[in-house]
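Accompanying notes for the structure given below.
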Amino acid sequence: MAISNLIVIGQYIPGDTFIHRMDSRIKLFIAMIMLVFIFMVGTLEALLIMFGLVLLVSFVAKVPFVHLLRGLRPILFLIVLTVLIQLFVTQGEPLIEFWGLSITKEGLIYSGKIILRLITLVSVSIILTFATSPLELTFALESFMKPFKVIGFPASEVALMMSIALRFIPTLLSEADKIVKAQSSRGADFTSGGLIARAKAFVPVLIPLFVSAFRRAEELAQAMESRCFVTGGKRGRLHIAKIRPTDWLALTTTLVCLVALYWYASI
Amino acid sequence: MPDSSRAILTNFQDVVFKYKGEEAPAINGCSFFISEGEFVTLVGHNSSGKSTLAKLANGLLRPMSGGVVSMGLDTKVEANLVNIRKNIGLVFQNPDNQTVATLVEDDVAFGPENLNLTSEEIRERVDSALTTVGLSDRKKHPVANLSGGQKQLVAIAGVLALRPKLIILDEATSLLDPKGRRQVLKRITELNNSGYAIIMITHRMEEVLLSNRSIALEKGKIIFDGKPEELFASRDLLTRAGLEPPALMDLTNELRELGYKLDTPRNPAQLVEGLCQ
Amino acid sequence: MPIEITELTHIYDIGLPFEHKALDNVSLTIEDNKVTGIIGSTGSGKSTLIQHFNALIRPTSGSVKVDGVDVFSKDTDKKALRQRVGLVFQYPEAQLFGETVEKDVAFGPKKMGVSDAEARERVVKSLRQVGLDFEKYAKRSPFNLSGGEKRKVAIAGILALNPSVLILDEPTAGLDPSSRNALLGLIKSFRDDGKTLVMVSHDMDEIAHITDNVVVMSKSKIIFSGPTSEAFSQPEMLRDAGLDVPALSIVAGLLREKGFDIPRRTWNAKNLATSIKQIVGGV
């Protein structure tokens, strides 16, 4: 498995779906309130419904199911670990008992909630980045950071920096992939041995990766300067973002759904 | 040839430049000028100073002694730089390291956005630059999914959107496959025909043949400035400039030694024609 | 060691919008003790193909056997395989990481479990093979070398594994003509050491110069496999694959069209000139 396939969060795939066309600020805002509600909603059913809604959105955005699964893989370990802990630690009505440990009904429900919360959380991020170009996403972030400009926070520069960082993630991942393969061809082994041995095995990957990243950064800086970039200069914008009625409608619908869900879960 | 009847785009006067920590100067007393509409190739071994010269022309580097005046403006004056760079565009070797945005049109827009133009004007420049390089159907595509040649055309479009007078290409075709190289060279020739001045840094003789003037560097000094044909006539100059004669040139020379009287051919058909006479 | 490739198919990103079939049912035998060139335009599947030879990537279907051993079998020791099948990546200098040239070149042999003394011996030998003096280079940092020298050190890092098959992916890409010629000379000398050599390139002059056999790839398939001379007398086929036809092959072809009986083979300037004098005459 190539490294570049491991990290799916942050991968943007251009498309022409309703979700792709939505204003990025509204999209980011919706994603943020969803994340809040994921932790506010307390019952298993409500979380299940919420996950269903997220799946529906991913269907509308035409996110392939494989893509979602791949995105979830990196947090699989985290899910298993927390579930195991909760399963045995939570006190309550015991269902199964062995070796002095007991799995309780409460533990089971609690674990279910954790799983749902984590996968919903990650799915929302995957869908957001899948359907929003890095440039739009950072524009949205910049808009949210604008108020801080008053206290001298360089919102535009930070946003540009982030969009360039996002643009270079795939480049650096495929580079890492290549270096891993090159060192494997020289007998490096990244899959066996203990944690320390594995960490050490990555030194021959990290050093060349850093060397290349610094070289790229230097060249990029020159290319940007050559194209008249001046730090702190006032910049124009190709896309003038406009929030359309459909965006407001999408926001209202989401809010109504979430509030209803919250109310349903708390009665 | 330097043509003083036309506007001078960049003018080097006894330029000396040394990188920090290096003993020998990278550029050691270079004087020349480039006029509007010229097509110049810049040749020389690796580290002979070619890229340094390119970066001196648009003020990425400033001379230690001597002066570079581009578009009538001194590159040593910070305030001149944006005006110089608007007019003298630089395309680098590796397209991956000069792409700032994910999508084609956003990347091309980067330059005009830096000039703080209106959205309409940026749109107009992006569209016309992409049309010029033949990529207007790829506007919304990720740059990463394009071929090497197309990526380099996006980089050229990014420079064109600044509406420059001179485009400097620093080994811009050296990482491309033959198809990509042909694609890019075709556009560069077209750009020159429509009035842009071109400086192309290259190791390839067939690319030198596209130009009207060639400047050869050796250890930071100009050892030749003239017509490509004159450069090719001297084996000594070619070796010093790190150029390798193409197979066709070798064959022509071998045939001449065997007693054939041949003109220097520009392509295989010309040679065969010469042979059959 | 011969390499047998049978019905190899490789599909990247199955099920995703950018799913891509890089190899489409490819079968091929790479002969022992020969230099085989793999040519084709970018994206034709060359690099994907060679990464199967030392089991760096697994195929979607099909098999690769090196010296009769199935490389994808669970029982095959991958480390030992990679020692026997040395793969030099495109721009291999990107893999350099050692503090010194010596440490970097010794990385492979040490990973293969060779003793310190033996590793040092191999470093000396492989640096010599790529034309770098051990005394002069061993203690230098690989990051302070010139582009051509870096490339040579990286290649030495693979040679130090002492492989029987050496695969080079675009070994001369991005080098200036003098470093390029030096490297091509070296590659020729490896053949004389009795190694099976595979070289991926899109420089036709290089391929004409150095290979015995050639495999032409186009759109994930093999469209030609056979002696290099035969490939170069089929300019149409090369053009269809998006490749440049070497200038001398074009001259030979044009003369044949004019009715001169110029043989179909690979040419260098000297022997083509001699043939032209014999067959075309006129002086």
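Here the chain labels run A, B and C in written order, and each chain numbers its own residues starting at 1.
Keep this in mind: a contact is a pair of C-beta atoms (placed from the backbone, for glycine too) under 8 Å apart; a residue touches a chain by one contact, two chains touch by 3 or more.
Here the structure is a predicted model, which is why all the values come from computation and not from measurement.
A.B. asks: State the smallest step count from chain A to chain B, taking one step as a move to a touching chain.
C.D. replies: 1
A.B. asks: Farthest chain from chain B, comparing Cα centres?
C.D. replies: The chain farthest from chain B, judged by C-alpha centres, is A.
A.B. asks: Taking each chain's centre as the mean of its CA atoms, how far is chain A from chain C in angstrom?
C.D. replies: 40
A.B. asks: On a C-alpha centroid basis, what's the spacing between chain B and chain C, in Å?
C.D. replies: Result: the chain centres lie 31 Å from each other.
A.B. asks: Would you please write down the residue numbers of chain A that are in contact with two or more other chains?
C.D. replies: Within chain A, no residue touches at least two other chains.
A.B. asks: For chain C, which residues are shared contacts with two or more other chains?
C.D. replies: 18
A.B. asks: Provide the residue numbers of chain C that touch chain A in the complex, in ascending order.
C.D. replies: By the definition above, chain C touches chain A via 13-18, 51, 54, 56-57, 79, 82-83, 86-87, 89, 92, 94-97, 107-108, 111-112, 143, 157-158, 161.
A.B. asks: Once bound in the complex, which stretches of chain A touch chain B?
C.D. replies: 12, 14, 133-135, 163-164, 166-167, 170-171, 215-216, 219-220, 222-230, 233-240
A.B. asks: Given the complex with chain C, which residues does chain B contribute to the contact?
C.D. replies: Going by the criterion above, the answer is residues 45-47, 145, 147-148, 174-175, 177-180, 203, 242-244, 246-248, 250-251, 253-255, 257-260, 268-269, 271-272, 275-276.
A.B. asks: Which chain A residues qualify as touching chain C in the complex?
C.D. replies: The contact residues of chain A facing chain C are 5, 13, 15, 64-67, 175, 178-179, 181-189, 203-204, 207-208, 211-212.
A.B. asks: Under the touch definition given earlier, write down the residues of chain B that touch chain A in their complex.
C.D. replies: 55, 58, 60, 82, 85-86, 89-90, 92, 94, 96-103, 105-106, 109-119, 121-123, 126, 140-142, 144, 158-159, 162
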